[in-house]
Amino acid sequence: MAVTEADGSADAETATASVVGASGFAGGELLRLLAGHPNVEVAQATSREYANKTVGSVHPNLRGLDLRFSEPSDLESVDVLFAAAPHGVAMDHIDAWQDAADTVVDLSADFRLDTEPQYDEWYDGHTAPEYLDDAVYALPEISRDDLAGAELIAGGGCNATATILGLLPLQTAGVLDGADVVVDVKVGSSEGGASGGKASSHAERSGVVRPYAPTGHRHEAEIEQELGLSVSFTAHAVDMVRGASATCHVFPDSPVSKGDLWSAYRETYGDEPFVETVAGGSGVYRYPEPKAVAGTNNAEVGFELDPGNERVVTFSAIDNVMKGSAGQAVHAANLALGFAETAGLQQLGMHPVGSP
Amino acid sequence: MSTCPECGDDLTLHDDLEVGEIVDCGTCGTELEVVDTAPPVLERAPDLAEDWGE
Amino acid sequence: MAVTEADGSADAETATASVVGASGFAGGELLRLLAGHPNVEVAQATSREYANKTVGSVHPNLRGLDLRFSEPSDLESVDVLFAAAPHGVAMDHIDAWQDAADTVVDLSADFRLDTEPQYDEWYDGHTAPEYLDDAVYALPEISRDDLAGAELIAGGGCNATATILGLLPLQTAGVLDGADVVVDVKVGSSEGGASGGKASSHAERSGVVRPYAPTGHRHEAEIEQELGLSVSFTAHAVDMVRGASATCHVFPDSPVSKGDLWSAYRETYGDEPFVETVAGGSGVYRYPEPKAVAGTNNAEVGFELDPGNERVVTFSAIDNVMKGSAGQAVHAANLALGFAETAGLQQLGMHPVGSP
Amino acid sequence: MAVTEADGSADAETATASVVGASGFAGGELLRLLAGHPNVEVAQATSREYANKTVGSVHPNLRGLDLRFSEPSDLESVDVLFAAAPHGVAMDHIDAWQDAADTVVDLSADFRLDTEPQYDEWYDGHTAPEYLDDAVYALPEISRDDLAGAELIAGGGCNATATILGLLPLQTAGVLDGADVVVDVKVGSSEGGASGGKASSHAERSGVVRPYAPTGHRHEAEIEQELGLSVSFTAHAVDMVRGASATCHVFPDSPVSKGDLWSAYRETYGDEPFVETVAGGSGVYRYPEPKAVAGTNNAEVGFELDPGNERVVTFSAIDNVMKGSAGQAVHAANLALGFAETAGLQQLGMHPVGSP
Amino acid sequence: MAVTEADGSADAETATASVVGASGFAGGELLRLLAGHPNVEVAQATSREYANKTVGSVHPNLRGLDLRFSEPSDLESVDVLFAAAPHGVAMDHIDAWQDAADTVVDLSADFRLDTEPQYDEWYDGHTAPEYLDDAVYALPEISRDDLAGAELIAGGGCNATATILGLLPLQTAGVLDGADVVVDVKVGSSEGGASGGKASSHAERSGVVRPYAPTGHRHEAEIEQELGLSVSFTAHAVDMVRGASATCHVFPDSPVSKGDLWSAYRETYGDEPFVETVAGGSGVYRYPEPKAVAGTNNAEVGFELDPGNERVVTFSAIDNVMKGSAGQAVHAANLALGFAETAGLQQLGMHPVGSP
Amino acid sequence: MSTCPECGDDLTLHDDLEVGEIVDCGTCGTELEVVDTAPPVLERAPDLAEDWGE
């Protein structure tokens, strides 16, 4: 593949891409994004269960695509391979995937952590630790410089992404040094993937505010790795399909002002194409809300000051299958392959919108 | 060109500004009251949080 | 304005546009669509209540736009004016709007019906009946040929649009001649507009299956006008924000087969860019569903045969603020102004998605 | 068991009861009702999957009960056995159940139809047709007189119950003679039972208006049997957990007036403890709505006149696991055993309430 | 009034009651509870807007009641007056209410705090501070002993109630001494009352995770008063109508074990009729959830240990219009008037249930 | 009568208890494995959190 121009214009040559795990939620979203991407052509979309069926039979929004699922064991050579299989699959197949594609973007947790001991501590070990060193964390707001030309990219966890984006300006500004941080997350049902089970049936899952990861969530590991501080993390399932919202209660060592906070967020995100600061203001939407970013690669971040309790509260909201997985992956791939950073990712959100 | 008293960002205002008018900052969204026009002086408008909440 | 090419390519010149009623639901959606339209530049967006505020203060998805509301009394000259004010406003302002713009696309009911007596029967009369003759109904599937160069375009009602699209193939195929038709519609809360009221509060409106127009809905007039038959119409409010779904129970005079039905739908919609036939098949999404088209200008239509009751059931699903209003309006404007038909309207739906 | 008084007072002796299928949705609701029933003591609640676990481990609302599931193969002798297993189980076990209990109330479809040929036509035949003759349809508004002392009671289908209750006054008044009737039903996810599957996962099932039984629904058989007319039936899944709402579009042979309709409904339901007529009026709740009856054994029924189309529209709303199954079953059992008709069934609905 | 027996049996004499603010959400719930209360007869239900209309015209669940709204200025003499008017009304009318009734139970914030300075700090002062001394906080788990014979009872705030119930065992056990506490609350839309507004319209309020009180919520004052420690409080609106859920992140000075926690909760709530500890276990419902208690006066409380972060997380869930207001008020009145503590409050929750 | 190893509350068990059987505690809901029957000995059953979560 030779991309002649870096601006994503129609003249740039086109990369071929495969999506492994394309019948899943993140995989389907990858297909949606790549279908509208000016520089990417999808060669294969794998599913074992639906092999040979049209992708539209699983993803009704993609009925217009002329594409059928193929077996993951039948991979063609492509420029970039996106993998959206459950945790553990990537580490077992990474050799084959690297053979098939110059660039692999894996959305699972398999290459997010830097070292094997972290996998021993937080997961059940690792079967291909030799790749950990070179894998780049996909979140461009943190790793933009490392992404150019990367060959193995590890998509961030959706809760970790929301948390990191909310706290990053404070970390950069030194506000987190010595701070205590509580992270209270609310997520939608698509985070659990397409497979289902009793707890995720409509009757049981509707209308919940359900503590599903009261303590000990694995995303703590990523957050600690990327921000350099440990956080007290709790996640709740709430009644939406798409969306992750992180409220971080931060107790800094020394007082900060609203002006400091605005500066910190402007500093960090002033030039970021996909992060918007929403903090106060007027109208109905005054702080970050997942439904305002549903279907988009945008993150909303914001904050409020609580001088009485010497607390800063940060809010962040993303669409877990976009900025929290498929969108982040495409964003990272754009940077890795030299395309325009926002190519294929310029969807606008909707207003009004219910519970997307 | 004015500066937002809340977030410090630049703020472009329309020409026929009047004292007492409320505008919002395009960056932070804060509602700002025009307290003078030549040159424009802006202050945070009285908070409407109570109207908004639960 | 001189549009040199009809393909909507970047070379086509750009039309200027105003949106009256831009703080409302349909108006906001017009802004979203025009912001991504390759051939349109928005000059003004009016609101009396929010004049001088950013459009992002009302529509959180449009925070990225550098645009403030202006007063509707301050209209500049533009190429095309879209109006999304409540019923009755357009008939009072049409003279001024036609002065300000070569092409007016009105989304209200004010110019949908052909004659003054229809307004006397179904509404409270009309104050500018002289425009009725020339106004073109916006639904391209019905009026494509009349839209080129039209100066006054009347957007269809959302329930009428859903119903007409579901029945049109049957009408064209003659299946509706002498048929009895019951239309049972389910709609979301955005159909009621942004203004609110007790019945539309979250606590009262959540979870409803509420007969809100048991009989005598005004859209019966449009359906009768466009399809040439009267229907028994009932509408229910259900728990979604976007979406209108019409189930039509049709009792034809003589039997039809599934093959006849597939032919009729293929005939009518085979070349339509925004209508998809979904009728049976496999998987979770076998018939039209509003959530599958939310945020898009697509309509899904489908049918099933009930030989035992000598009945054909048709299903159709649209997003009421897209295909049911703003999308349809932009589609019609594209045709009127000679742009590519699908310009600005190629959003893909989402999967999974909750209750958009 | 000797019930000395028919008024359900605390002096009446207590009947022992078993619930087969107690881990399911209808079975759990039976346990809830019987827990508050003044004349019933639950002896056993069966589940194969959860045998020996507390009923509260499945039904969080019943954590206060000191009761564990037992195996359905271990039935003790009781006065009344309620069965809420899937279709087909009852016909295979009815001999054993009749041995174990004087009165059997089966909530499945196994004994609803009167004759074997109906099961051949609508289901896959019947293995215990000899019971069909004696089984009494549980809906007291139709079968009150036959229920006293009944030994085998067949709970009605929830969609059938909603439809029958909406149409019954018209049938009694002769309005249905020669009439054409379309029934358009909207139901919640609990109708599908606790077992789940991909289409009923939260992500896929949220926000739907999904035609799930476009034609040929088996409840047509019950409706025809109980009302003596065939109806054109279509059912949609909508986003609620509890609730079934039936809109019946009726085209009578000769005109009726609103007065006629009010008389018909008053005549039929004036003395019924669990049916309320709601037709027009003021405020937010003008016609039957499922959320207004959620958690209760009440049915709301209502109507509107459409003179232009010579149509009567009826609306009816029930909670499918109450009036549509468990509540109806307890109501029938009260009549069979000579208890006060409303014993255990006096729950009031909630206002406001979301999407129960 | 002479109540001859304290057990709430049918022999106890009946108290007459009025409900001021009966057209509101909390007022309607009071009517529902009192309608089923064995020892209370409702004399009056006030509404200025709906005076002379039936209570069923506003509250569809109460259509069966033969009761019409009266003007709040026309109060008769009763035994107990419940007031559910907005904040500020009670302090202006308390003299009149005390004249009309021996016992006044006010659900607003007007008499919750002990001293005038607290009202100066957290509210806009107080116009009847002379009553503050004698008013008893309604939450029986905290104030049971003071409630007997109380003449002025102040219902707790719903968020405060959820928070206090979650933390109380830790406070009693000394775990909160010197601890830092973050409270992250999620609430439903009924908390905002029946009046409505743009932010609470269905289209804007559906599907939200909206930080509505990021800092500085007034309930902090109550929590501090009742528990003796200040908390960092943030509240989010989520998509449900009924329900308040409080997650408290507690950092104790010295380590605690799971056994300590179980002991603390058993100690505090072992004999409480309306509090259940739910902490871990199996199945779908492992921690407190608001939907499991919707419509009931129950609170679920629970906890989890996070040794790595030296944190205890507590969860609590209530129905805001029941345990969080009307139910708590009736519970307190039962104690004040000498009725059985649970009289009128024995509703069981529902399973399954959607988003009540 | 046994005691729950998780919450310490009393636990009444059915008679024909078998080794390997799983019961839940009526107080804390924890799933307990029967590791001995005479007298009954109970242990916390292997955690199923992964099956349950998102």
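Observations, loosely collected:
Every chain is named by a letter (A, B, C, D, E and F) in the order it is written, and numbering of its residues begins at 1.
Going forward, a contact is a pair of C-beta atoms (placed from the backbone, for glycine too) under 8 Å apart; a residue touches a chain by one contact, two chains touch by 3 or more.
Not measured: the values here are computed from a predicted model.
Common neighbours of chain B and chain E under the contact definition above: A, C. Least step count on the touch graph, chain D to chain F: 1. The equivalent interface to D-F, defined as the listed pair sharing over half of its contact pairs by residue number with it, is B-C out of B-C, E-F or A-B.
Rounded to the nearest 5, the angle that brings the Cα atoms of chain A onto chain E is 180°. Farthest from chain B in terms of Cα centroid separation is F. Counting the residue numbers that touch the partner chain, chain C and chain D have more than half of them in common. Between the CA-based centres of chain B and chain C the separation comes to 37 Å, rounded to the whole angstrom. In chain D, the residues that reach two or more other chains under the touch definition are 25, 53, 57, 189-190, 194, 198, 203, 206-207, 239-241, 284-285, 289, 352-356.
Each of the following residues of chain F touches two or more other chains: 24, 29, 52. Residue ranges on chain C touching chain E, taken from their complex, read 25, 189-190, 192, 194, 196-198, 200-203, 205-207, 239, 241, 354-355.
Residues 52-54, 56-57, 66, 68 of chain C are the ones touching chain B in the complex. For chain C in complex with chain D, the touching residues are 180, 182, 184, 186, 198-199, 203-204, 206-211, 214-216, 230-232, 234, 236, 238-240, 243, 245, 247, 249, 251, 284-291, 304-306, 308-309, 311, 313, 315, 317, 352-356. Against chain C, in their complex, chain B makes its touches with residues 14, 21-24, 26, 29.
Per the touch definition, chain E reaches chain D in the complex via residues 25, 28-29, 32, 35-36, 53, 57-64, 188-190, 194, 240-242, 276, 278, 281-285, 289, 292, 294-296, 321, 346-356.
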